[in-house]
Amino acid sequence: SSGRKKEQTISLSGAFALYPLVVKWSEEYQNEHPGIRFNISAGGAGKGMADALSETVDLGMFSRAISPEEKAKGVWWVAVTKDAVIPTVNVANPVWPVIQKRGLTHDELRRIYVTGEIIRWNQLPGISIDEAINVYTRSDACGAAGTWAAYLGGRQEDLKGIGVFGDPGLADAVVKDEKGVGYNNTIYLYNVKTGRKNPGIEVIPIDVNGNGTIDANENFYDTFNQVLEAIGNGAYPSPPARDLYLVAKGKPQKQATLDFLKWIVTKGQVFVSEAGYVPLPKEVLDEQVTKLQQ
Amino acid sequence: MITYPVFSYQKAKRMVNHQEKQTPIIEIKGLNVRTREGEILKNINLKIPRNKIVVLLGPSGCGKTTLLKSLNRLTDLHKELQVSGEVLIDGVDILKVSRDLPAMRQKMGLLSQRPFPLPVSIYRNVAYGLKLKGIRNKDLIAHSVETNLKRVGLWDEVKNRLNSPANSLSIGQQQRLCLARGLAVKPAIILADEPTSALDPISTRIIENLFKELKEHYTIILVTHVLRQAVRLADHVVFMYYGDIIEQGHPDDILKHPKTEVLKKYLVDGN
Amino acid sequence: MKGEFGFMPFIYSSAYVTVLAFILSAPLCLFAAIYLTQFGKHRLLQVMLPVIDILAGIPSVVYGVWGVLVIVPAVAEYVAPLFGVASSGYSLLSGGIVLAVMCIPYMLNMLIEVFQTIPVGMKEASLSLGATHWEMVKHVIIRKGFPGILSAFGLGIAKAFGETIAVLMVVGNTLDISVSPFSPGYPLPALIANNYGEMMSIPDYDSALMFAALLLFVIILIINLFFRYFIHQTEKI
Amino acid sequence: MRTWKVWEQQLARGISFLAAYSVIFILLFLLFVVFSKGLKALSWETIFSLPKGGYYFGGEGGILNAIVGSFYLSVGATILAVIIGVPAALFINVQLIRLKRTQNTIRYLLDALWGIPSIVYGAFGFTLMLLLGLHASLLAGIITVALLITPILVRAFDEVLKTIPVELQEASFSLGSTKTETALRVIFKQGLAGFITALLLAFGRGIGDAASVLFTAGYTDNIPVTLDEPVATLPLSIFFQLSSPIEEVRERAYAAAVVLTFFILLISVSARFLSKRYAKNIIK
Amino acid sequence: MITYPVFSYQKAKRMVNHQEKQTPIIEIKGLNVRTREGEILKNINLKIPRNKIVVLLGPSGCGKTTLLKSLNRLTDLHKELQVSGEVLIDGVDILKVSRDLPAMRQKMGLLSQRPFPLPVSIYRNVAYGLKLKGIRNKDLIAHSVETNLKRVGLWDEVKNRLNSPANSLSIGQQQRLCLARGLAVKPAIILADEPTSALDPISTRIIENLFKELKEHYTIILVTHVLRQAVRLADHVVFMYYGDIIEQGHPDDILKHPKTEVLKKYLVDGN
C-alpha cells in the first residue's frame, strides 16, 4: 500500500512566486479528489529546477524563462499562468505628470537601465526638470529582473542601479525615494482586492509604438483588471510579460501528476486572478493540453 | 604631579605627632556580616591601636578573613555577604564612603590568605601599586621593586626572571611576592592574613623581623595560626570563636592566663 | 552576474562593511559587557541575558527589514545630509550598522562570560592595593580577559564577515569601489546570497559562486590568523 | 592626581554606562519594531492552526506548521550539536592540555567556520543530501543546522573552559579520575554557565537561520510526522511572508517573529534558571 | 560491579604481608624536571619506605611541590615542565604507563598545597572519589562522607550545610575538606603538601593524630614547614635545597645533627 500511497502523492518544490497559487490549487484539487496527497515546499525557482532535474520531486515550480542549458538537460514544462514586470516611479516625482502623458519608449528605458546614458530627467526630450534619476534594480537573481533585462536587451547583471532585495523591497525603495525609478511584478503594484495602485508608487507607461505619447490603446494602467487584460491580450509587450511554469525531467509518468496538471490548465485557471496572476490566453492553454495528451 | 611618598616614614611620623598617639587608628562598632544561611561575624566591637601589631587568633572558619575583608570593604565583591555596623578608619566610616574608597583601601594593604598574583610579570606585580599612585619614574619604581623583593627575601630567587609571569612561582614564592607588592605601596595599615602560612622557617623569620621593623611606622593586623609567632610579634591579641571576639588583651595576659576553655585547648595544642 | 568575475570590488565591500561593523560594535560591546558585569546591578544583567539570547535568534531577514525601515531612511535623511552628501541610504554605512547590531549578541554574550570567570581573588588583590574600581577593571578584568576579548572580537568579525541576507538588504548591491560610506557596495556574501536561488540550475554560477565561497573562507582564515597571533601573544601571562 | 583618578573612573563608568544602555536601547528598539508591527496580526489562530488554503493571500489559518517545525528542527539540531560539540570542547581542554599548538590550530579552524555564510552550509548540506540520496526533509535540515551551529557551540564553550584553573584538573586527577571523568564531572560543571551561554547562542543561531534550511529542509504547510518529511521553519515563514505583495501577510511575518521571540525567551529563561541553580557551586 | 573497598585496611594489610615489608613502595631514580629557564629538580634519587611517614623539608621554592606532582604525574598538565627519569610505584614506572594512569593515581592521594574544592557541593566533594570507583550505594557513601569529615574535624562545622557549594568555605575548611576528599578514596600512598598550613592548632593536632593512625596502613609523604610537626610525625626526613636532596635520614639524626649550613640555619629559625 505504500507504493500506492506514493502513486497518490504529488510532490512539488520551487519558486516562492508560485507557491501560494500552487497551494491554493492543491487544496481545491484535493476537495475534488480526496485520495490525492500533496507535498509542497517552497525554496526558490533554482531549487525547483534542481529538484525536478534530480527527480527528487514530481514537479518544480519555476518563475523565469527556461535557459538553453536547462533545456539541454531535458527539462519538460507546462505553462500554468502569466505575469508581467512593469516599470515604476515615485508619485511625488515632479516629472510624473509629464511621464504619465508621454510614457517611456523601449529605447529610453534601455538607455536608463542598460547603457546608463540617461541619468537626468532633462536628457529626455520634452522634459525640462533637471533632477537626477535614482535607478533601482533587484539584487537577487530572479524572474522579474531576468524578464525586465530580457525586454531591454540584456541580462540581469547588465541592469544599472542600486540593487535591492526582493519585490517588496524594490517597491519600498521607490516609494521612499522621490527620485526613484524601479520595476515590479504586477501584484506588487496593485492591491488585489481594490484593484488600485498601492500608495506612493506609480506606473511608467510604456510607449509601445514609440510615437512620443501614450495613446488610448497604450493606456491601461488605471486598474488591476485593465492591466491583466492588457497582459492577457498582448497589448502589454512580452517580455516584460512572462509565463510561469511547472517543470519536470521529461514528461511525468505518474498518472496523478498528469491529471493534476490537466486540471490546472483547465478548471484551475479560475483561481489564478484572485492570486494576482494573469490567466493564460485560450490558445496557450490549448497548447498545454495537447502537450499533456501527447 | 608626583605625590610619592604619600605615606612616607617622615609623613607617617608627622601624622602621628599631630594626632594623639592614643586614638585608635581603626574602630569597629557593632560589625555584623551575614549570609542568607547565618551570621559570620556577630556584633564585633574592636579598637586597633596605632603602630602596634594586633594578632587575630581563632579556629579555622571563625571569621578572621571575613573580618579583614570587611575592614577593606572587599566584601563588596561578594554579593551574598551583607555587612552592617561601622568601621571607622581614622574616624571615617569606610562602609559609608564611596568616592574615596580607593584611597581608603590604599591606606590598608591586604595580604590575602591565598596569594593571588596579578596577571602580569613578577616585576609588574610589585610595581603595580606604585603605578596606581601615579609614579612614573622608572628608576624609582625599579628601586622600590628591588628593595621590596629583598625585604621579603625573594630577590635572589627571582632576580633572573623578573619578566616571567608571576603564576609560575611556587606558592611560598607567590605569598612573598604578594607581600612585597603590598608593602611597596606603603600602606598605613597592613592587614596580613596568615602571611607566612606557606613559608619555611627561614623565610618566616625574615618576614617576622620585617614586621617588627615595620610597626615603628605602620599598624599591623596579623592573622596567624602559629602561637609562637603570636607570642613573638603581638602587642595585642584578639581571640575569635564562631564569629565572636571572646577574649582580647596583652599577649602575656591572654596567652598565659586564658579564661575560656577553647582558648585553653587551643594553647595546649599549639605548643 | 557578469561572465567574468572580478572579485576585487566584492572583497573591498566586504572588508569595508566588516571593518565598519567592527569599529561600531567592538567598543560598544566591550564597554557594555564591562558595565553589565562590573558596574551595573546584577539584576540588570539577569534581565539582559535573555534579551541577548533573543537577538541571537532573530532571523537575519528581520534585521534586514529593520535596517530597511530604520537605518536606510535614517542614513538617507539625517546622516548623509549632515555630511553634505546625497545618498539613497542603501549604502556601506547602512550595511555596517546593521552588521554591527547583528554582532552584538554574539560578542556581548561571550565577553560577559569571559569577564565572569575571572577569579575574585585577583580583583581583591588589585582593589586592596588601592586601585579604583575602574583601574581594577583595566588591570585585571581586561588584562586577564584579554585573550578572551580577542577571541570574542575575532568571532564577532568572522560572523559579520559571513553575514548575508541582512547586509544585502541594505547595502545597495552595486559594483563600485568608492571610499564614501554613503555609496552602495556589494559584499561577497551578498553575491552568494543574491544568486543562491539560481545556483543549482545554472552550471556556470555553481562553480563561480563556490569559488566566491572559497574566497570568503580564505579571507576569514586570514583575518583569524591575525587574531590568533595576538591571542597567542597575550595568553602567556 | 586623586581627582584625575576619580575623574577617569567617572568617565569610564559613564562611557560603559552609555555603551550598555545604548546596546540595550538598540536591542529594545529592534524588538519594539518587531512587536509594534507584529502584535496586531497575532492571534490564537496564528499560533494554533495550520495555514489554510489562501492563507498566503491573507486568508485564514496560522503558522503552527512553522512553529512546530522550528521547534523540531532547532531542538534536534541543538541536541546533535551538543552531542558532538560538548565532547569536542572538553577534549580540546582536557585531552589536549599540553598540546597548545594543536589546541590553537583547532580553535583557529573552528573560528573560521563561524564566518562561513549559512547559505554555504545550506549548499554543502544540499550536496551532502544528494550524495546520501536524501531529499529535503527534517533530518537533512537537522544535520545541516547542526553543522552550522556546532562550531559556535564548541568555541563559545571552549572560551570559558580555557579559563578554568589547572589546579582544578589536578584535584580531580589526583583522586584517580580518568580524563573523561575529569572532563564530564569537574570541568563541565565548572564551565556550566559558559555552556549554557554557548548552548543558547548556538540554539539562537539555529532557530533563527533561514538560508541553511532553505534547500535542505524544504517548506511545507504540514507538520512532519517522520524525519524524512519536509518541514517549515519560522525564519523561512517570515522570509516568505515578508516577500508577499499583500500588506496583511507581511504583518503576519512580524507576528511570526513575535512568536519566535517568545519561543526563544522561554528557552533562554528556563535554561538560565536551571544553570543558575547549578552554577552556585562554581569555584571562583 | 562494586569494587569497594579496593584499598581497604584488610587488603592493604594482606598486601603488606605478601610483599616484603622492606621493599620501598616508591623508588625515584634520576628524576629531572626542567623548564626552559632552568632545572627545578636535579637528578633526584629517593626511596620511600612502606607504611612510614616521610617528611619533605626545604625552603620555599626548592621543588617540593614539583616533586609530589611528578610522583602523581600531574606534571602532565603543565606543558612547560619536562620530566625525565624513573618513578617506580610498586615497581611500575608511572612516567611510562598510559592506560593505567588513573588507577595508579588513585593509589596516591595528593592533597595539594592550595586547596581546590571541586565545583560541587560539600557533600559531593567527599563523595566524588567514591563515585569514581563505581560505588552507588547511597548509605555507604553517606557513611563514608560522614566518617571522613569527622576524621578531619570538619563535620560539626558543615553538617548543616552539606549541600552548600564548597567554595563558600574558609580556606582552612577547604583544606580539611580536600583532605577528607582525598582520604575517602583510601589511597595506598598519601602525598600531603602542607596539609595543615591553613589550620589552627586544634585542627592541626587532629590531622597529625590522624596521620599517625593512618600510617599503620598507608604510606605518607608529607611536606611541611613546621619543624615541630616534622619531629612529631617523621620516620624519615628529606631535606631539599634548590632542586636537590641535600640531606636525608632519621629525624633524630638529621634534625639533631645537621651537616649542612642551610639546614642548620633552617633549624635555628624554626625553633
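The letters A, B, C, D and E name the chains in turn, as written, and every chain counts its residues from 1.
By definition in this document, a residue touches a chain if its C-beta (ideal position, glycine included) is under 8 Å from a C-beta of that chain, and two chains touch if they have at least 3 such contacts.
Model, not experiment: these values are computed from the prediction.
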Original post:
D-E or C-D: which has the larger count of contacting C-beta pairs?
Top reply: C-D
**OP:** Determine the chain that sits nearest the middle of the structure, using the mean of its CA atoms as its centre.
**Re:** D
Original post:
Whole-Å distance, chain C centre to chain E centre, using C-alpha means?
Top reply: 51
Subject >> Centre distance in Å when chain A and chain C are each reduced to the mean of their C-alpha atoms >> reply: 37
**OP:** Round to the nearest whole Å and give the separation of the Cα centres of chain B and chain C.
**Re:** 46
Subject >> Multi-chain contact residues (two or more partners), chain E >> reply: 114
Subject >> For chain A, residues contacting two or more additional chains >> reply: 44, 47, 166
Subject >> Where chain C touches two or more other chains, by residue >> reply: 119-121, 132-133, 135, 165, 193, 196, 199-200
Subject >> Parts of chain C lying in touch with chain B, wherever the complex brings them together >> reply: 42, 119-133, 135, 139-140, 143-144, 236-237
Subject >> Touching residues on chain D, where the partner in the complex is chain E >> reply: 97-100, 165-179, 181, 185-186, 189-190, 192, 280-284
Original post:
So in the complex, which bits of chain B are touching chain C?
Top reply: 69, 72, 74, 77-79, 101-103, 105-110, 112, 114, 116-121, 128-129, 132-133, 165, 167, 178, 181-182, 185, 187, 191
Original post:
For chain C, which residues are in contact with chain D within the complex?
Top reply: 27-32, 34-36, 38-40, 44, 48-63, 65-66, 69-70, 101, 104-106, 108-110, 112-114, 116-121, 132-135, 137-138, 147-148, 151-152, 154-155, 157-159, 161-165, 189, 192-193, 196, 199-200, 210, 213, 216-217, 220-221, 223-225, 227-228, 231-232
Original post:
Which positions of chain A touch chain C when the two form their complex?
Top reply: 44-47, 49-50, 53, 67, 69-70, 132, 134, 136, 139-142, 157, 161-166, 169, 172-173, 176-177, 180
